[in-house]
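Two complexes are shown next, each including chain A; its partner changes from chain B in the first to chain C in the second.
Here is the complex of A and B:
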């Protein structure tokens, strides 16, 4: 298996540990990733509100580059995953959009014939590798670790077909295969507010607070995320989200960090030291002796 | 005493706006809306909105342009797609929210220094220039234009992220930046030619 890896901008910034741990997991499971050559920003949810047509063209450049190299795309960031899939869908459904995008691609010597699949690591790990193969490679089971699986919005909604849109379980099952215990977490697909924490801080903070409190109340030791913005929101504003009577301190890791630990990666290789809320004391308490 | 009429007459509506919303991308099915309210019920932000998504859909398709474009709802939408998954008529509500945001930005229906359109504009400028986003500089650019004092409040967090190697001052760039400009110019030309 070989895929074009589309990191997206966040995995080169605040989400670096996501990239580090994703590469470690894929390497341990022998899936080849080759970074998409000269990829550009997908436009995320933000560009769409200024200029929709341009945002499709931007996203399509990445699809066309992958098609040129005859590869399917792996997009770990939730926004990238959604935008690339949405662009494919809209080019298919709206002839005008297809025309605009095709001309923009032609202007730089590219074209796109809808031959690329854009997939999420959750999908590939669950459906291409499989739970059995993963469980067989676990070296350090995450025994006794209580995980709240947080999917956020844009992975399973609205276009993903690999999991249920209201109650996704792919991450639950992958982490269970690594020995972790999944706690009941009904807010698993509730929005974290995205960039609202920056633009409308009071409201953003309230959404973050609900997600953290719910995980805490349901006995989670750690929250596992699939999106760099979710991870950032849930980890970086805990002090503000908590208060004197109800302080919140809960490590928030990428699901790939937890998986990589179980598969034998060292903490440093997968960016554990980049966390603002360290998970090491918790792992020591649970006697999980990772590499 | 200020006396105000609380009910709108037919003549107060803007039929052009109603036509526009049902012909814009994603708006094809807006006239099928049953007003069932599943969108508002599933929306995590509807409780902060002046018009919930259900009301906003109705106001839009009936041409209440002023109310819709000056509503807080279009800025509160985070594009989480919960409403779209629930909608029994498969109306592309999230996409309509994008369309309304664009229209509100075009017609300047927002308060001065309002961060959301500023962020969107800075984001697109950065993509035009570099092909990629460098999060640290995007945050700085937005706050410089909206709320400088909040930069100070965030400097502690910024420093911790910097130390953890999660923020960098080195801008991310693609190799063939000229391609981005060519694409943007091409989109603009086609849009003009086809009057999209």
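Here is the complex of A and C:
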């Protein structure tokens, strides 16, 4: 198995731990990733709402590069995953968009014929590697670790390509295969507030508070995410979201960090030290002796 | 076939004297087409003797006008520019007949559906009308007198579908002395109604009013009841349909089975393990079973998917032992095909309920205590899986129940239409649940739609009974508890649009009032019977107001919810109407067919036989002595395939002769 790895901006910025742990997991499971050569901005959601066509063209350039190299794309960031998928669908469904985007690509000597699959790591780990193969490679089972699986919106809405739209379970099953205990978490696809925390802070905070308190109430030790923005929102505003009587202190990790730990990676290698709310004391308490 | 009088042929050969009649259709046509301009334009066309307009040409004075002109001006051709010929061609042909002209010397121009209803610009609409009228004038000059063919009608009737509509239609016809074949796909008749507990608004028990009719069907000497059967082929035409019915093997010989069910008791499975279809999986049945206690026919059926004998061939066959000398069980039974001949067909194939898995935010299939309304019908049914007691899937009894209306109805994401029955059955369920459990019952509605005799009064009664009504479309059902009172319950989140705030209402049971949808195989069925469907997939009636149970295929009628969402009273009314229409046709004893048959000009036919295999109706034969093809007019349906296929152009079709069509085309294209 060989895929074109599309990091996007987040995995080189706030989401560095996501990249570090993702690469560790894929290496442990012997999935070959080759970084897409000369990749550019995915055209993410904010760009999409300002200038749609340019955004499609940006995304399409990445798709065209992957097609030239005859590889399918792995897009770990939920926003990249959605924009690349959306571009592909819109180019397929709307000939006029395809026409304009194709012209833009032709100007730089590229073209795109709809031959690339854009896939999320959850999808590849579950459907290409499989739970059995993963369980067989687990070195440090996450025994006793109670995880709230939080998927956010973009990998299931509007396109639920590999999981159930309202009740996705791919991450649940992957983390269970690593020995973790999944707690009941009915808010798993609810809004994290996106960029509301910057524009309408009170509303953003209220959405974040729901997610954190529900995880806390259901006995979670840690929240697992698939999206750099979700991770950021849930981790950075815990002091504000809690109060004197109900303080919140909940580690928020990428699901790949938890998987990598189970597969034998060291904490340093997968960016545990980057967390604002450290998980190390918890792991020590649970006697999970990771490398 | 009656001969065309020679005088008619003579008059048609005279120089054309054409009358053109332009209809206003109130403002339907005159609102967009300049009718006066058309009249003046037509008056100048060659052959036109008189040209007039009138407010409603189809009315008595309009018809009299044409009739009078024919006599006064010695017209020998008539053009009516009005609505679709589907609507009034027959009307105006009768006018010609009454005036002594051959009916086929008429040409209709459809300036309503084809012009005024689809154009916004008056000038363009008027110009288009002129083109169409000019084409008709040129075409009609070439019309020849034709005579309709008469064929006799087979008095037997096929009714497809054994729900309440099919049952009522079959009984009505049988009581009137007709032989009826009633074909039902399931092992029992009864349809959806047999699953209901009570019926709105009178709350009479569905079984009490339905099962006597089912029994009457089962025992009627003039009804051939074929359950577990499907129509697989339909050939022929009005009055003379040839139908093939596939009877699936139930592995029980119907004539020998007494319905004693000793085989069911004796089955090697001591416990029933398979989901019971009739109870929508809320209970279990054995591989050999009676669909439900009042099933008609009272004959068991064996499910080969779950029966050990079929799976391994190594069953002890205790059922056969129990059946003993009756020997009704036959594991070797094969499907059979029955050939029948009928004159008319009534389709009453019903509906399916919306699958709420498609609305994932209501949690159906995820939360045990979310039910569909049909499941609740079984749950509260005295003969249902819990004998009428409301026991939830998790074993508890509900203290609060939310009924969500319009699930799969009035929703751009699923089905846009109103399913018509849900408001009323939701009220009924609310009443019954409150009566049985004393629970607080909430109805979440968009609009309450209760038109019907006694319906609004029933709604009033529910308001008095203290059932809660919240106006708003429910956003979601979840088990996300934000307060201790919500723990372990289902929380309904809804914007209360009357109180203008978002509410969270914790309940123990959610009922999804699922809408009605066309049957999943409605498209296959419509092709089988050669009828049309609306875009939504409901069977299309000939006219929504004036021919609600007829279809565009003569002799095929529709009744009940296969035509659109309908409650029981409406379904029964339609079934009665369809039966009456069928009887009207049968009692007339013959039907007239359009004379649009193909004919061969023998001088030109080279005897190449190309046309013979092309004919779908085996209407063409080869005359050995003359070395020419010949068309049997009685068998010819006028499809035109041979006309197009003939290499020498020697086959023509009445009313669609080449020169008529070419003249029409030239007329459209000849800008004046």
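The rule we apply is simple: the second predicted complex is superposed on the first by the 291 of 291 C-alpha atoms of A that agree within 3 Å, B and C clash if a C-alpha of one lies under 4 Å from a C-alpha of the other, contacts with A are read in each partner's own complex, and residues count from 1 in each chain.
Rule of thumb we're sticking to: a contact is a pair of C-beta atoms (placed from the backbone, for glycine too) under 8 Å apart; a residue touches a chain by one contact, two chains touch by 3 or more.
Since the structure is predicted, the reported quantities are computational estimates derived from the model, not experimental observations.
Engineer: Let me test your reading of the model: by the given contact rule, A:157 touches which partner, first (chain B), second (chain C), both or neither?
Structural biologist: first
Engineer: Should A:131 be classified as contacting the first partner (chain B), the second (chain C), both, or neither?
Structural biologist: Neither chain B nor chain C is touched by A:131.
Engineer: Determine, under the contact definition given at the top, whether A:277 touches first (chain B), second (chain C), both, or neither.
Structural biologist: A:277 sits against neither chain B nor chain C.
Engineer: What is the contact status of A:166 with respect to chain B (first) and chain C (second): first, second, both, or neither?
Structural biologist: Touch partners of A:166: chain B and chain C.
Engineer: Thinking of the overlay built on chain A, is A:214 touched by chain B (first), by chain C (second), by both, or by neither?
Structural biologist: second
Engineer: Determine, under the contact definition given at the top, whether A:203 touches first (chain B), second (chain C), both, or neither.
Structural biologist: The first partner, chain B, only.
Engineer: On the A-aligned overlay, A:31 touches which partner chain: chain B = first, chain C = second, or both, or neither?
Structural biologist: neither
Engineer: Using the touch criterion from the header, give the chain among chain B and chain C with more contacted residues in chain A.
Structural biologist: The larger set of chain A residues in touch belongs to B.
Engineer: Contacts for A:269 in the overlay, against chain B (first) and chain C (second): which applies, first, second, both or neither?
Structural biologist: Neither partner.
Engineer: Same chain A residues contacting chain B and chain C, which ones?
Structural biologist: 165-166
Engineer: Chain A touches which residues of chain B in the complex?
Structural biologist: 25, 44-45, 48, 75-76, 78-82, 84-85, 94, 98-99, 101-102, 105, 115-117, 119-121, 123-124, 127, 131-136, 139, 142, 150, 157, 160-161, 164-168, 172, 174-176, 179-180, 182-187, 190-191, 194, 196
Engineer: Residues of chain A touching chain B in their complex?
Structural biologist: 9-10, 12-17, 38-41, 43-54, 57-58, 61, 90, 94, 96-97, 99-100, 103-108, 153-154, 157-158, 165-166, 189-191, 193-196, 198-201, 203, 207, 236, 273-276
Engineer: In the complex formed with chain A, which residues of chain C make contact?
Structural biologist: Per the touch definition, chain C meets chain A at residues 360-361, 363, 366, 478-482.
Engineer: What residues on chain A touch chain C, complex-wise?
Structural biologist: These residues of chain A touch chain C: 164-167, 184, 186-187, 210, 214, 217.
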